[in-house]
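Structures are listed in the sections that come next.
What follows is a pair of complexes built around subunit A, which joins subunit B in one and subunit C in the other.
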Partner chain A sequence: MERWAEEHLRYLLLAPAVLVLLALTVFPTVYMFTVAFQKFNPADPSASAFIGFANFARLLVDDKFHNALFNTLFFTTVSVAAEFALGLGFALLVDKHLRRANFIKTVLLIPMMLPPIAVAITWKLLYQPQFGVLNDILIRLGLEPLLWTSSVDTAMASIILVDIWEWTPFIFLMILAGLAGLPDEPYEAAELDGASAWQKFRDLTWPFLRPVITITVLLRVMDAFRLFDQVYILTRGGPASVTETLSYYIYKVAFRFFDTGYAAAISLFMLALTVVFSMWFIKRMRLED
Partner chain B sequence: MSTPPATSEATRRAPIPGRTRQKAKAALIAAVIVFALVYTVFPVLWLLINSFKTRLDMFAIPPIWLVTSPTLENYYQTFVERAYLTYMANSLIVAVATTVASLVIGTMAGYALARFDYPGRMKFHLSFWILSTRMMPPIVTIVPLYLFFATLDLLNTKTALAIAYTGFNLPFVIWMMKGYFAEIPRDLEESAMVDGDTRLGALIRIVLPLAKPGMVATAIFCLILSWNELLFALIITETTSANTLPIGIAGRITQYKVEWGEISAAGFAACVPIIIFAFVVQRHLVRGLSFGAVKG
Partner chain C sequence: MKLLGKVLAGAVFAAGFTGAALAADLTIAVPNGSEGDGLRAAAADYAKKTGLSIDIVQAPYSNLFEKAANAGATRSGAYDLVLMDDPWLPFFAENGYLEELGPYFRATGTDGPDSDFLAKSVALCRNPYNTGKYVCLPYVGNAQMFFYNPKVFRDHGLEGAPDTWDKVFKVMEDITKRGKRRYYGYVLRGQEGNPVVANFMPVFWSFGGRMFDAKGAPQVNDAAGLKGLEFFLELKRISPPGAESFNADELGTYLLQGAAASSINWPAWVATFEDPKQSRVVGQMSYAPIPSGTKLGSSEIGHWLVGIMKASKHKQAAFDFMIWATSPAQIRISAKRGNPPVRFSIFTDPAFTSQKQFRHYPVLMQAIMNSTPRPRHPKWPEIENAFGVELSKAVAGRLGAKEALDRANRAIEKIIAR
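== the complex of A and B ==
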């Protein structure tokens, strides 16, 4: 018995993890496929009716879904691009000055580790139009106060600002960690050749940083794409659905309208987008070593 | 803010610097760092300040920046008069159960992937698949899991939350531990095996103690993840018996009324363990936050 266990240890150690992940990710996905083809009755699944591709056909004509998809893509692109530009710029600027300053680095990382609910109420306080501190600052500077999350014009920007606050430090510190691994010699050689700062960045720093940048952006895009918490607390998708993301829309369809079959169809669409994007991205970072 | 060794490093990269230009650059960097720190800390500080405000001060226009007569009323209401202590206990129970389960299961798998060979490209495909489950948006699995827990009669229980969170944490634990194990020299366990130990014995007696710092850091990340989780708890739990802290707080924010004092106090209280943890794991932060991809 013991010898048998020892011989098959490589599989025995893996088995529990594989089983749990099958049960909690693969099984739900497969089940989702069957639900998506039904007019599903969540109260009594046996009373559901097979309706073919009808749920998927709705994806083509549902304006609310198109709106949520657009909002999600817009939010993801703008947030990650802004965080990346700020994080990279800040990392290049302070480079060696902050490397050993663990205390400062930890303080900067705290926003992304805090409970999203705490982040959301913090910003709800800051954004509050009457007694919020941001409008107080605007007024003191002689500017017009804003309605922040309550106005169609500024709600999405407000959500993006919160995300930038939470996540820019992450990109900054990842790139800083990448910079710490750069060798000195190529820079000395480039210096002798009279290379400009931009040339050194383009030909040395950027190629060296690419693996770090790849994983950082991948993680960030995946998290931004699933945004739910901040929308739920700050705007509930409003006003006029301008901050409704895919996650929030699925939540509404499944647990407010109880249209489970259609929620499954949207979920599968969202999953497909995630899979295509991450496959393409992970292939690029050469995971095998 | 710029320390002497940092200045000398900068000198090395730019051989003929103008002294004033260098000073200006150091001042600029210091200014940017100070701005970044203020910008990062201020919102959390504002939450803390507000948690000490009386109901009247809370709604003052313009807002009061310095609270002259701080009150603990909000904390008293939150933790004595309302059910937040129960919510906290629920959060803690779920977090600990999740962490233990995912650490045991994930460490085993992480070790296997770090040490053993598998036929064909099985190892690559397995690692890739495990990583890919991390990329799944949680909302995608929530409908089937909800129905699954309904069938098992586990809705509105801490057990259901612990099971779901274990699924979220596992890929993370596997990848982190795989990385930590890969850094421990194989010779150590191989010589123990030459001395008559079994592979499992060598793993438990030799490798695990060496991997302990990594396991502790990984465990803390698991605790944080389940402590913070909102979406699943929102859908699976309904009453005080299973509601976690984020749900308790979210319940006090409705379209018509927001209990500002109460949620400020409870929100800051929810942050305290996280801030402590962040400093405990500071050497592992970059690694943990990057899924083990960047060693930092």
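== the complex of A and C ==
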């Protein structure tokens, strides 16, 4: 009995986690695959009809989907690029000059620790055109107030700004941890050889950090790609759909229009795009190694 | 082994607790805000009176729709009763999520709701509209009104009631012009989706616009619709900057802060205007029916309706509660709690109309009697979204009025054909 327990205990201990994973991740994903090929009837799933690739064909002609895809790609590219540049810059600065400044590190982490909904509601108040703090500051500085999330010209930029504020600390933290683990010897040797700061960064820091950068950028891209909460609170996809992202569009299709089959098809497309990007990005970073 | 025993005992206890929680006599889903608070308070009174255990699930507007629709789709029986916004009704009724009330009425010796309910309110509860079977009862009597500050309007030359857009617009434009970006003649609700559609519909109707022709084909882009949208864009021009993203809260804030003279809004705001803790315009606001354009002005009706879910396991208890909660005595209490009534006897009761905070009742009743329901179509949420997207583009200046309506018409055609 004792021997049996020893052999099987690990399976027993793992079983609850595996069951939860199967129930909450594997089953919904498999179910989504099946639903994406149906004209799904949420009122009576047994009355749903198999329609082949019709839901995927709709993706080609649905201009709201095209708009949401463009917005998502634009948001992801700009916000992650800006966060990466700022996060890397801050990390290099803190690593070089403020290694022991734990207070600053803690302060920089605050935005990331706040619930996303609280962040979005706070920014909604800051952005309010007539009564918001930001416009009050602009007016006091003698500048023209902005419409922020209310204008088609600035709405997406306003959402990107919130994301940068919230998630730059994540990249900063990851890269700072990577920098802390770098060996001193190569830098000492480079110093003796008279390498400039840029040469040391290009030939030592960047290659050493590449694994950390890969995982950090990948995590941020995947997270940014499914942006929902800021859009939901700040703009509801407007004005004129300039901030409607794929996640928000899927939410509307699935839970406002109950067009479940089509929502599953968009979700599958989104999943495929994320997987393809991740594979390409990892491969590319490995090739550079 | 002892530990395992404790864990098992804990699990059994937890399961029992959950079972007990699920075993409420009635579970009612209501929205956040005064409408939901009102029914929640009524449910608490009913529980005290009858000894029933009643669970209330309260959620924000859009989440309530999702929760109730999911419960209907999965036939979970999670809710016995749902307090629904009236445009949701075709979706719930056409998909078979609601219990037909005819047999319950007949068992009490009546054919349907009594004649004290306003006819327009009861019409919403039949599916199809006004002719079909009863699937709910009206609980909160919302219809849009024209909110305005009569003193400011008078100061800018408006004599008499704000009864036509032509007359009112000149005044509102003048107020905005002289307000020098600190005070506005009108505040438009232009947020994409339901908000902009809800704000546009009364203007659209007052210029003779109609969503569908007699055969059910969309016709939002006809000459009348175009006239309506062109006028709506004029209203946007005299509204505060950023109106393309405003929802009801922003409208309310502008009026409460004394930064705007008028808007089209829902009566739930009336009580807030009279609350000195929240309002800088206590006693200053007045209410009127929607002004007329080329046709008689008509409000969008937006009642809250209480219906029994088909999958409910406590249908008779739910019906009994529903009848009690919509009785004259309870609607009177509900009105005192801030929810507009649905009964003629309450609207016309001098005990209410003589009080300051209920002085809008005659106008509201008139607005309900002369209201238009949103088109009763099971795909209305999707149609409304498509329409709202194109309206939002027009309001944001991305599309001209004609192009926006043409695109909206095509999008609605596609949705209906699918």
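The definition used in the following text is that the second predicted complex is superposed on the first by the 273 of 289 C-alpha atoms of A that agree within 3 Å, B and C clash if a C-alpha of one lies under 4 Å from a C-alpha of the other, contacts with A are read in each partner's own complex, and residues count from 1 in each chain.
Rule of thumb we're sticking to: a contact is a pair of C-beta atoms (placed from the backbone, for glycine too) under 8 Å apart; a residue touches a chain by one contact, two chains touch by 3 or more.
Note that the coordinates shown come from a computational prediction; the quantities given were computed from them, not determined experimentally.
Q: Which partner, once the models are overlaid, touches more of subunit A's residues, subunit C or subunit B?
A: B
Q: Examine A:H97 and indicate which partner it touches, taking first as subunit B and second as subunit C; both and neither are also allowed.
A: A:H97 sits against subunit B, while subunit C stays out of touch.
Q: For A:Y31, decide between first (touching subunit B), second (touching subunit C), both and neither.
A: First partner only, subunit B.
Q: Of the partners subunit B and subunit C, which touch A:L88 in the superposed model: first, second, both, neither?
A: It touches nothing on subunit B or subunit C.
Q: Looking at A:S150 after the superposition, I want to know if it touches subunit B, subunit C, both of them or none. Which is it: first, second, both, neither?
A: Second partner only.
Q: Between subunit B (first) and subunit C (second), which, if any, makes contact with A:P42: first, second, both or neither?
A: It touches subunit B and subunit C both.
Q: State whether A:F131 touches subunit B only (first), subunit C only (second), both chains, or neither.
A: Both partners, subunit B and subunit C.
Q: Given the touch rule stated above, what does A:R256 touch, subunit B (first), subunit C (second), both, or neither?
A: So A:R256 only meets subunit C here.
Q: Examine A:R236 and indicate which partner it touches, taking first as subunit B and second as subunit C; both and neither are also allowed.
A: Once the two structures are laid over each other on A, A:R236 reaches both partners.
Q: Name the contact category of A:A118: first (subunit B only), second (subunit C only), both, or neither.
A: In the superposition, A:A118 touches subunit B alone.
Q: What part of subunit A is shared between its subunit B contacts and its subunit C contacts?
A: Shared contact residues on subunit A (touching subunit B in one complex, subunit C in the other): 42, 130-131, 236, 255.
Q: Quick one: in the complex, what on subunit A touches subunit B?
A: Contact set of subunit A toward subunit B: 2, 5-6, 9-10, 13-14, 16-18, 20-21, 23-25, 27-29, 31-32, 35, 42, 45, 90, 93-94, 96-98, 102, 104-118, 121-126, 130-133, 136, 139, 165, 169-170, 173-174, 177-178, 180, 187, 191, 212, 215-216, 219, 222, 225-226, 228-229, 232-233, 236, 246-247, 250-251, 254-255, 260, 263-264, 267-268, 270-271, 274-275, 278, 282, 287-288.
Q: Looking at the complex, which residues from subunit B come into contact with subunit A?
A: Residue positions touching the partner: 1-3, 6, 9-10, 13, 15, 28-29, 32-33, 36-37, 39-41, 43-44, 46-47, 50, 58-63, 65, 105-106, 108-109, 111-113, 116-118, 124, 126-148, 163-164, 166-167, 170-171, 174, 198-200, 224, 227-228, 230-231, 234-235, 245-246, 249-250, 253, 255, 258, 260, 263-264, 267-268, 270-271, 274-275, 277-279, 282-283, 285-286, 289-291, 293-296.
Q: Quick one: which bits of subunit C touch subunit A in the complex? Just the residue numbers, please.
A: Against subunit A, the touching part of subunit C is residues 62, 65-66, 69-70, 72-74, 91, 95-97, 190-193, 240-246, 250, 253-254, 257, 259, 379, 381-382, 385, 389, 392-393, 395-399.
Q: Taking the complex as given, what residues does subunit A use to touch subunit C?
A: My answer: residues 42-43, 64, 128-131, 145, 147-152, 155, 235-241, 252, 255-259.
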